[in-house]
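Same chain, two partners: subunit A is paired with subunit B first, then with subunit C.
Let's look at the complex of A and B:
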């Protein structure tokens, strides 16, 4: 059975499970049955796509299904790029299903989640497999609507309705942009098959317009600033395993769309395109992580951090565009590999962290970090895996986040070889932005982990927390292990990505399997190399050694004494660092400019016994500067147009008549 | 060549006559006379279609001509006559816009359609070109009748004359299949029936077929 047929049968299986979920909706065992089934199907699809990607020379294969438009049919195709994204989708799907086996039992309304969950997975698989614009858009909308239904699953919670409305509006906007982009790509001949689009020549104007439309369409789904506004609202609103899928996987499907069009369908890129992508990527990375730092809701923090990672990936893609436009295949392959590697890594650790947030939510019912704390004693396993996720997303060795960011900076270091001065200046600047974002990300996740898991519980709910069930834990442990594995053995991943770069860019990185001792060398070993295994061994040995030394030579006696309260006589848990106080230095430095942050201190006069108050004022300038004016303009014009609802019949006729005459006049003058 | 030019002249005359009769419709302020002019309109249309059938050697167009003659020149005017009589509105004088202004607007519309059509269809068959230009004028004038009238019956007449313009355009172009014309004719018939029923409903409800009664009912001011 060919790999494509296998994938399509898995999609059919997922759709079948969705139907089954509707049938079983009220049954008690439905949660177990559905998640078991999706786990099994996702695993089959996962192994099928891995086998295709790393097997002997992945040959693209196509398939035409006689559905959809009568003269077009629905084309599907599996090539190296698609199979990589299938790995991401199905790995996320399998782990989320496994997690759902435990987590799903806490869901108050499983019948609102179960039918849409497999449908959402099927939609994401189909988008990646689609090979004509019509099926692509159809599957894209299917995916969006399924995820929208999942966002609306807990529709009675306040703000969820608003979140899903914003999501729906932005998703429609994105699809409109994609529709226009494909319309331009198909051109006057109107052949919507990807093969025909790939073969056609596109003028620079069309290519530039398509790039902008793709940045709007795929960028709004992926969460590029300033199109990100729906993401921190909608992702946290869904159940946690769905949040993990939306953040870890659906944003990647959007990136797949961007890569498919800009790298594959448009042909040879032009260098100014890369400037736009680089700029947007760098800005998004820094803005996303600054938003995350200001946040005290755990799931929203994770959603904002997704925006940062999307920025990093887009910056990598921008680098690849810049090098590819100048024919530097090796550097382009390096940047592209770094971006794809980060796609994979982000899907690992973001899913892991959302699962952790879901576990915290199950155990305490709280998402507000200022009501958590001290969970490391109550949920030791969850704390451990979340710590692994935090270390990985902060790009610390020996985990996977470090490798992809390191590769990204290796690509940035190739920028002096670019001929255009604009790029020579731009690329290091974007590199600096990425470095800033990486440092801020580390601070952000120190905050997220420290405030949530360390210290003392800030609420009774946090005090009464218990460890979560086996299934949730096993899903998290598998992802944590994958984070470590990809960090220690990056050469395997890089070599697996090589067929894609050969396919898309026509070049590849050096074969990493040939390097001794499992190290990786992006250009040549004389330039730079990294060995995750050595770093891990060094960290393990030195840490064990110091623990041993401390325990051997320091006092053996275990003493528990009162913590030093800095002279503060009544140390309540509320006196600990809170999420906001931890972020205060960064808010002072960056927030004053980016968020127009102001601290208002209300200090009572001496002798007055009321408490002093600190109020923090933050402005979301993107929301206030871009979206509120649009909302205002739409509201204003609809108020004006409202009158059209109450015209007389003759006036309606006159309107039609006037429109017709005006159009004829335009034609008469113009032609 | 002689024959061709004669054929051209005759069809040209008939189409031009149609435009002229459309103009006549614009200044009729009695319903009966409006209906009579409309019947004349339909007769000229039927003649024009029949002539097209003859010179294009397309026998199916004769069917269209017969349909136009029977339905539009006889059945519909007669039916409308009876409606007007039953409703007792044959003495109504009605026009929303002054006649002089309407005529000026009509001339502007005809000029627009001439300029447009003759320029757009520069390399088409001259016969079809003229025909299309006249047909567009008839359509626009029909719309003008609908817009400037207040009475529902005269709006129906405007609509029907607009449709005559469509038929003229369809027959002017060679190779228009019969089924299209028949379906257009039937849709017009159905529209006529629906509108006729509505007329009586409006009348029952408001004691008038002046559509401004509807507006008063909705609490609107004009």
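Let's look at the complex of A and C:
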């Protein structure tokens, strides 16, 4: 059976499971049955796509189904790029299903989740496989709607309705942009097959317009600033394993769309495109992580950090565009590999962290970090894997986040040879932004882990927390192991990505398997190399050595005592540093500019018994500056248009007549 | 034979940094004391401090978890590995291709990440205040350091520290505006990262003014010894780094004879002493900054690094 047929049967299987879920609906065992089935199907699809990607020279294969537009049919195609994203989708799907086996039992309304979960997975698979504009858009909408239904799963919780409404509006906007982009690509002949679009030549104006529309369409789904507003609302509103899928996987499907159109369908890129993408990527990375630092809701923090990672990926894609436009194949392959590697890494650790947040939610019923704390004592396994996720996402060696960040910096260092002045100035600035974002990410995850898992419990719920079930834990442990594996054996991943860069860019990085000792060298060993395995071994050996020496020669005495409180031991856990106070120095440094943050202290006069109060004022300038005016304008114009509903028949007729005359006039002047 | 000499050179350097690190700190303290006309403790006092700490019992705060007990070893290991990758008296280390300048920044970042978490683990406000300020400083210092390294890497055409040192030592690099900016920025970052005046005061006894010290306030006994040792090593690492990149005078190149190694080692000790003296002089002459002046200080370092890199991007001659 060819790989494509296998993938399509898996999709059919997922759709079948969705139907089965409707049938089983309220049966007691439905949760177990459905998640078992999705785990199995996702695993089959995962191994199928891995086999295709790393097997003997992946050959693209196509398939036409007699559905969709009658003269076109529905085209599907599997090539190296699609198979890589299938790996991301199905790995996320399999781990989320495994996690769901445990987590799903805590769901108050499983019948609102179960049918849409496999449908959502099927939708994401189909988007990646689609090979004509019509089926692409159809599958894209299917994916959006399925995820929207999942966001609405807990529809009675406050704010969820608003979140899903904003999501729906933004998703429609994104699809509209994609629709226009594909319309332009198909041109006047209206050939919607990707093969025809790829073969056609596009004028620079069309290419520029398509790029902008793709940035709007795919960018709004991926969460590029300023189109990100729905993401921190919708991702946390869904059940945690769905949040993991939306953040870790669905944003990647949007990136797939962007890559497919800008790198593959549009042909040779033009360099000004890369300036736009670099700028958006760099800004998104820093803005996303600053938002995350200001946040005290654990799941919203993770959603904002997704925005940061999307920014990093887009910056990598921007670099790849810049090099590709100037014909520097090797550097383009390096930047593109870095971006794809980060796609994979982010899907690992973001799923892991959302699972961890879900575990915390199950154990305590809290998402507010200021009501958590001390969970490391009560949830030892969860806190260990979440710690691994936090280290990985903070780009610290020897984990995987560092490798993609390192490759990204190596790509930045390749760019002084670029001929354009705009790029010469842009690239180091983006390098600085990426460095800043990485450092801020470390700060953010010290905060997230420190406030949630360390210290003393800040509420009775956190005090009474307990470890979660085995299925959830095993899903998290598998992802944590993958984080480490991809970090210590990056050469394997880079080599597996080579067919994609050959396919899309026509160049590849040097074969990493040839490097001694499993190290990686993007250009040449004398320029730069990194060996995650040895770094891990060195750290382990030197740590064990110091432990051995200390325990051999130093005193073993150990006593527990109260913490030093400077003469005033604080009795209440509320006196600990909270999420907001932890971020205070960074809020003062960056927030006064970015969020117009102000601290208002209300200090009562001596003798007054009223408590002192500190109020923090933060403004989301994107929401207030872009979205609220639009909302206001829409409200205003709909109020005005509303009057048209109450006209007399005479006025309606004159309105129709006036419209007709105007249109005829326009037509007369036009031609 | 070559491999054996490689291993010896690498091993000697790793041990040398361990042995010299407390001495350097002791030397800086001695000079500082002499500059304010105090007698000061012996330069060997840090060794005695470490031994004394090792013999003492550990008092753990009630709420601390396993993370708190693991952190001293993890941070020490990360800093030691980073220090072992920096050429001290000879380039061409055996494992120099394991990790480059960017990885060294990240290794130091790992050490700080765990220390900041340990500060949060205690569950008091002092640990929190230390951690939150430390990550604020790091959030500015780390990108500044990366930009300095971008600048160096663009000049030398490599991020590999041994290659960089070879390049700086062997060929005629000349005076470059970019490198001047980079060295100033790197010194500023080094002051901040090592919790020295004017960013932080390593000898303060007032909890509210502490940054680094507040974070490790609850550590005692052997754990504190590891953390102190890590801090000594880090100071040595930064000085070695600045010396090997910007002042590669007499550094033994790869494959030269034992005589060159001896000369390199002598020159290295001289460089350390000079750097320690200037550090003490600078610390005696300046006052500590307010916490919220630090961002301006480090922002200047960041901008210098960016400017240096930008100059290299737009022109080949700077």
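In this section, the second predicted complex is superposed on the first by the 663 of 671 C-alpha atoms of A that agree within 3 Å, B and C clash if a C-alpha of one lies under 4 Å from a C-alpha of the other, contacts with A are read in each partner's own complex, and residues count from 1 in each chain.
One rule holds for everything that comes next: a residue touches a chain if its C-beta (ideal position, glycine included) is under 8 Å from a C-beta of that chain, and two chains touch if they have at least 3 such contacts.
Model, not experiment: these values are computed from the prediction.
Colleague: Is this a clash or a fit when subunit B and subunit C both end up on subunit A?
Modeller: They fit side by side.
Colleague: Contacts for A:377 in the overlay, against subunit B (first) and subunit C (second): which applies, first, second, both or neither?
Modeller: second
Colleague: If you count the residues of subunit A that each partner touches, which comes out higher, subunit B or subunit C?
Modeller: More residues of subunit A are touched by C.
Colleague: Under the stated touch criterion, which partner chain does A:391 make contact with: subunit B (first), subunit C (second), both, or neither?
Modeller: A:391 sits against subunit C, while subunit B stays out of touch.
Colleague: Looking at the overlay, does A:432 come into contact with subunit B only (first), subunit C only (second), both, or neither?
Modeller: It touches subunit C, and subunit B stays clear.
Colleague: With both complexes superposed on chain A, which partner does A:480 reach: first (subunit B), second (subunit C), both or neither?
Modeller: Once the two structures are laid over each other on A, A:480 reaches no partner at all.
Colleague: Looking at A:207 after the superposition, I want to know if it touches subunit B, subunit C, both of them or none. Which is it: first, second, both, neither?
Modeller: A:207 sits against neither subunit B nor subunit C.
Colleague: May I ask you to decide whether A:657 touches subunit B, subunit C, both, or neither, giving the answer as first, second, both or neither?
Modeller: first
Colleague: Please work out whether A:586 is in contact with subunit B alone, subunit C alone, both, or neither, and reply first, second, both or neither.
Modeller: second
Colleague: In the combined three-chain superposition, what is the angle centred on subunit A between subunit B and subunit C, taking C-alpha centres, to the nearest 10 degrees?
Modeller: For this superposed arrangement the angle is about 150 degrees.
Colleague: For the superposed arrangement, tell me the lowest C-alpha distance between subunit B and subunit C in Å.
Modeller: When the complexes share the chain A frame, the smallest subunit B-subunit C C-alpha distance is 57 Å.
Colleague: What part of subunit A is shared between its subunit B contacts and its subunit C contacts?
Modeller: none
Colleague: Along subunit A, where are the residues that touch subunit B in the complex?
Modeller: So the residues of subunit A in touch with subunit B come to 646, 648-650, 653-654, 656-657, 660-661, 664-665, 667-668, 671.
Colleague: What does subunit C use to touch subunit A in their complex?
Modeller: Listed in rising order, the residues are 54-63, 65-67, 73-74, 76-78, 80-81, 84, 95, 97-100, 102-103, 106-107, 109-110, 112-113, 116-117, 119-129, 131-133, 135-136, 138-143, 146-147, 150, 153-154, 157-160, 163, 207, 217-218, 221-222, 225-226, 291-292, 295, 302, 305-306, 309-310, 312-314.
Colleague: Under the definition above, what is the set of subunit A residues touching subunit C in their complex?
Modeller: Going by the criterion above, the answer is residues 373-374, 376-377, 387, 391, 394-397, 402, 405-406, 409-410, 412-413, 415-416, 421, 424-425, 427-429, 431-432, 435-436, 438-440, 442-443, 446-447, 449-451, 454-456, 519, 521, 525-531, 534-535, 538-540, 542-543, 546-547, 550, 553-555, 557-566, 570, 573, 575-577, 581-586, 588-589.
Colleague: Spell out the part of subunit B that touches subunit A in their complex, as residue ranges.
Modeller: 96, 109, 112-113, 115-116, 119-120, 140, 143-144, 146-147, 150, 155, 211-212, 214-215, 218, 220, 222
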